[in-house]
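Just so it is clear, A, B, C, D, E, F, G and H label the chains in written order, and each chain counts residues from 1 on its own.
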Amino acid sequence: MTEKQPQDLLLINGKPYTSRLLVGTGKYRDMEETKRAIEASGAQIVTFAIRRSNIGQNRDEPNLLDAVPPDKYTLLPNTAGCFDAETAVRTCRLARELLDGHNLVKLEVLGDKKTLYPDIPATLDATKTLIEDGFDVMVYTNDDPVMAKRFEELGCVAVMPLAAPIGSGLGIRNPYNIRTIVENAHVPILVDAGVGTASDAAVAMELGCDGVLMNTAIAEAKNPVLMASAMKKGIEAGREAWLAGRMPRRAYASASSPIDGTFFT
Amino acid sequence: MQVFINGKQTELPSGTSVQNLIEQFDIRDKVAVEINEEIVSRSRFELHTLEDGDRVEIVRAIGGG
Amino acid sequence: MTEKQPQDLLLINGKPYTSRLLVGTGKYRDMEETKRAIEASGAQIVTFAIRRSNIGQNRDEPNLLDAVPPDKYTLLPNTAGCFDAETAVRTCRLARELLDGHNLVKLEVLGDKKTLYPDIPATLDATKTLIEDGFDVMVYTNDDPVMAKRFEELGCVAVMPLAAPIGSGLGIRNPYNIRTIVENAHVPILVDAGVGTASDAAVAMELGCDGVLMNTAIAEAKNPVLMASAMKKGIEAGREAWLAGRMPRRAYASASSPIDGTFFT
Amino acid sequence: MQVFINGKQTELPSGTSVQNLIEQFDIRDKVAVEINEEIVSRSRFELHTLEDGDRVEIVRAIGGG
Amino acid sequence: MTEKQPQDLLLINGKPYTSRLLVGTGKYRDMEETKRAIEASGAQIVTFAIRRSNIGQNRDEPNLLDAVPPDKYTLLPNTAGCFDAETAVRTCRLARELLDGHNLVKLEVLGDKKTLYPDIPATLDATKTLIEDGFDVMVYTNDDPVMAKRFEELGCVAVMPLAAPIGSGLGIRNPYNIRTIVENAHVPILVDAGVGTASDAAVAMELGCDGVLMNTAIAEAKNPVLMASAMKKGIEAGREAWLAGRMPRRAYASASSPIDGTFFT
Amino acid sequence: MTEKQPQDLLLINGKPYTSRLLVGTGKYRDMEETKRAIEASGAQIVTFAIRRSNIGQNRDEPNLLDAVPPDKYTLLPNTAGCFDAETAVRTCRLARELLDGHNLVKLEVLGDKKTLYPDIPATLDATKTLIEDGFDVMVYTNDDPVMAKRFEELGCVAVMPLAAPIGSGLGIRNPYNIRTIVENAHVPILVDAGVGTASDAAVAMELGCDGVLMNTAIAEAKNPVLMASAMKKGIEAGREAWLAGRMPRRAYASASSPIDGTFFT
Amino acid sequence: MQVFINGKQTELPSGTSVQNLIEQFDIRDKVAVEINEEIVSRSRFELHTLEDGDRVEIVRAIGGG
Amino acid sequence: MQVFINGKQTELPSGTSVQNLIEQFDIRDKVAVEINEEIVSRSRFELHTLEDGDRVEIVRAIGGG
């Protein structure tokens, strides 16, 4: 819809994006599939993890930063796998060094392996440390509206409530919470985790979210590249539907065709 | 001297710099280095020499969500 | 997704369509809005009603057939407003005459004004009469899988189960029925009625439907033209997601990033 | 003679054809015509003359879903 | 609630019942379990099937009519397994003979083995024949409000829409339809088929249904006798909740305790 | 079910209860209605608030402790209305004094007036202080499984996740979370807040919860006393259904009557 | 003579009544009987004698939902 | 002297005990008392005399959820 494009940009930390779909880089068959899926998704912000280099073995394996060049994408290092504030902070500092001083990070401090829900108190601690240390924090949190607001007040540049457990594909488990978080927010709200298919992404956007971050829903589809395209369209569909203002729900029917002028009576 | 590189104990000649290490292990990826939980910036790889017992972490970007 | 385009066509009565969104022409502010919404929707099949001509008054009101030229769209006359088989059949014959012998019709024989659900026995009667009379019938029915199959066996060229009451915007009330109808079908299954927003359209397609027909969800949106675009994308998103094959649902979490290689333990 | 046009009783000179009717009422839309529940095809508008008591329906396409 | 008992009776064909739970007798381990489950359920109307007698083999197997004595229960023969009107009618006539002229029957004419949904046109035919023949017909139908009304108009003494496929345990798939059927009805509406657990039964009653008939949900529970008791309470809970008039739903919170008088401010 | 009664007791802080329904005392028309509703509910644990005494006015207004005598009920003072840890702790100390040293309290530290969701960090602080001070803490929390486990580890005698916002009547918004909390727990899990009608209470119990606390759903029903009875039965129905072990859900039908022995073929 | 009892072809002496049949097969359940798709009421079991080729159905109540 | 009782400033003779207060205001409900955020146990109502400027809270049980 050319008439809305100009004003409908996602602003994160002052930087504008036309795409509202953020993607991860895990679980793909290979770097080539990763690359093609990201392209099909139209994502402009791409998240990745930090792990030890291989010391002296398979040195020719392809490099993620070649597949996702920093000049083309906004790279978003995440702290996936961290179960305490300290390791999350160390991970962010290594990531900043790795990306030559780039301050934008996705913070997740996990509370339990079964749900991969955040450890909220530890996430609060890490958030404070990182913000003092000059990071721009996009924070993974649960869908509690009170906590979402708290992270905004601490100065996070985006708040990322989960829709359902990471990698579960269950969709938006509690739309009431997400809607309330959106209503209260003055920073971008990005649904992070739990989306399973394109309609889930559309639902998130129709609740008024500013964007969605996903990984498994694309990477574990039978055809990841086609699903990436589906997600791109699902996000756009949901966003446009939200901007367009949906019809009211009615308990009963309402005819689409006029009654008068029927030749039978 | 003995240092721990990504958790593995390794024997190195004293005076080895971070840069030597990168070359010795032929690490071609872009990496970041932490020694004893302190970042060593890329600009200091030449200058920073390892001490006996150092815990060195050399990390890179990999696929994740 | 250029690699799927060639084979992913909707075939109705042997004629191929690239769009799987069918739209109605009721409830718009004016003919201009009707026209722009249809264009934004990308629809190739457009349905309309048959009513008495104005005898001698406002003769200059714009004409639907100018807004929706038969050379550009497949026109689908419907029998909206008919509550018995006879008037539905008469309406189809008038429509065929009006469109110079065009045989494709959307049959609806309504059972009650509150729900606008079909009168199934009367719809069966009208279907038989119309098919004997050479019509290609796209039939509006409830979401009963047994009845959907029956209409296919009678020779309907498409079966159009409702998702929810016409104009209710409640979305797919019973996905189990729609999925069962799709599994049993050898003709196109098009969800007709009940869609309220873009994610509803995506859900219908993710259930395996061949297309969706809607009117109120677009015409009653605050911005119908933008909603038409949202619906276009929602249909494509749902279709691609269905073709791509979604990830399995899991009751618990599954990490997106590898565990090994973490520098903390 | 008296005929019913779209439900309205109307006085017409006998011998009026469907075509006369269309012109008299200045109907410019594309229409279909039914007389006594039988279709009268466009090709027969000139030839088909109305009878007293005929119930004539003249219909067109309008917006609907 | 002693104050409501007197007026809160289920009337079927003029006969009052205090229990609104109707049960089937299939799928139990043995006749003893059948008997104990029925007792625990408190059911007063019990349905059963008609099958050929064993000719000359295991003549000592227990007899259903001993486990469910006609002087203690209202026996409701059903036409389970009939896929056409004729066999359903024959079955009802045999049942009437078997029960010495008892006219109450549960009619089901099935349309397909996968869903066990009714064949609506055949059910209409059988209903007319049976009513002419003096039967009191309780009819199994889909959840289409138009058809439910039609069966009432034909003179059925109760209309029994399905909640979900027989034996699926999926619960009320489409509460909107059930509620609409109830709103339109002047005969008892009994949900038949699809209930899986006690809360499903409560939901059906909270929608205003007059009762629920179930079999699999009790017989296939790990502990059928305990589940029978759960269902009895679930039905009563839902009925009382419906009579009591539930609180309004609110999108946001409403404090249970007064604000004034707090000693902190 | 006499065979299960003996072992099916709710143990809170070592004390056994036969009722699994806990009720509040707010929002009733008068003390008489409060009393009759509590009796109809069968509740053995009753919660109330602490507020300033009236100084010198309407001294003859009925007293809650007369309506809910401590010798008949386990009284559970709550900290409703507290938005910080300090006032919550002060409230608990006053309550203990008021009840002559009774240590059992329901802690809620609220985070925001719109949702009345807990302030999790403040609730953690208050929990630690109260437990050090010898209180037996039943804690109101959100439905985050990680936080629920944390409160158990801190030594709370019961963990009380919300089903939906206090007084919203929306029912169990996120059954996955509640089920996960139950699976992980070694202390009683009581759903607190959000239940709207009897089936909601049954659903909570079918998820394996040990009990439910409610107030508005009873007090704001048109007939609170009847709704109290409905809730009692709903809780028992859900509990028995959970103990009985529900049938599996099936996507398709499964006949209740045997196929063989039909006289028609 | 040959009759079909619950689908099974059976040889019976002519003149056999429904009552004889019930006794011969020692059927103790309460049953209903249909011959050639017509009900034979219990009161007529004694009187009603079978004909060659009769299709006899003897049914009873069993557990079902 | 001036004390604050449930937030209301009140003039009282010095030497007033908590018990005097309860009686003076004819408080019949069972109550708990806090003075300057410290609990005063019921057993000490007689003994505990108020000081100028004390912030006294007298609370009771009321309906709440």
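As a working rule, a residue touches a chain if its C-beta (ideal position, glycine included) is under 8 Å from a C-beta of that chain, and two chains touch if they have at least 3 such contacts.
This is a predicted model, so every value here is computed, not measured.
**Q** Along the shortest chain of touching chains, how many steps lie between chain A and chain D?
**A** The fewest steps needed to get from chain A to chain D is 1.
**Q** Give the fewest steps needed to get from chain G to chain H, where each step moves from one chain to a chain it touches.
**A** 2
**Q** When I count C-beta pairs in contact, which pair ends up with more: C-D or C-E?
**A** Taking the two pairs in turn, the one with more contacts turns out to be C-D.
**Q** I'd like to verify one number: the distance from the centre of chain F to the centre of chain H, where each centre is the average of its C-alpha atoms, in whole angstrom.
**A** 33
**Q** How many angstrom between the C-alpha centroids of chain F and chain C?
**A** Spacing between the chain centres: roughly 47 Å.
**Q** Roughly how many whole angstrom separate the Cα centroids of chain D and chain E?
**A** Once rounded, the distance between the two centres reads 56 Å.
**Q** Report the inter-centroid distance (CA atoms only) between chain D and chain H in whole Å.
**A** Once rounded, the distance between the two centres reads 95 Å.
**Q** Which positions in chain B are in touch with at least two other chains?
**A** 6-7, 34, 57, 59, 62-65
**Q** What are the residues of chain E that contact at least two other chains?
**A** Each of 24, 26-27, 49, 51-52, 78, 80-81, 90, 114-115, 117, 165-166, 170, 176, 180, 215-216, 219, 251-252, 256-258, 261, 263 in chain E touches at least two other chains.
**Q** Can you tell me which positions in chain B touch chain A when the two form their complex?
**A** Those residues of chain B that touch chain A are 5-8, 25-34, 37, 39, 41-42, 57-65.
**Q** Enumerate the contact residues on chain B facing chain C in the complex.
**A** 6-7, 34, 57, 59, 62-65
**Q** Which chain F residues qualify as touching chain G in the complex?
**A** Listed in rising order, the residues are 256-258, 261, 263, 265.
**Q** Would you mind writing out the residues of chain E in touch with chain F in their complex?
**A** Touch list, chain E to chain F: 1, 4, 24, 26-27, 40, 49, 51-52, 78, 80-82, 87, 90, 113-117, 165-170, 196-199, 201-203, 206, 215-217, 219-227, 229-234, 236-241, 243-264.
**Q** Enumerate the contact residues on chain C facing chain D in the complex.
**A** 23-28, 31, 34, 47-53, 55-56, 59, 63-65, 75, 77-78, 80-81, 90, 93-95, 97-98, 100, 166, 213-216, 219
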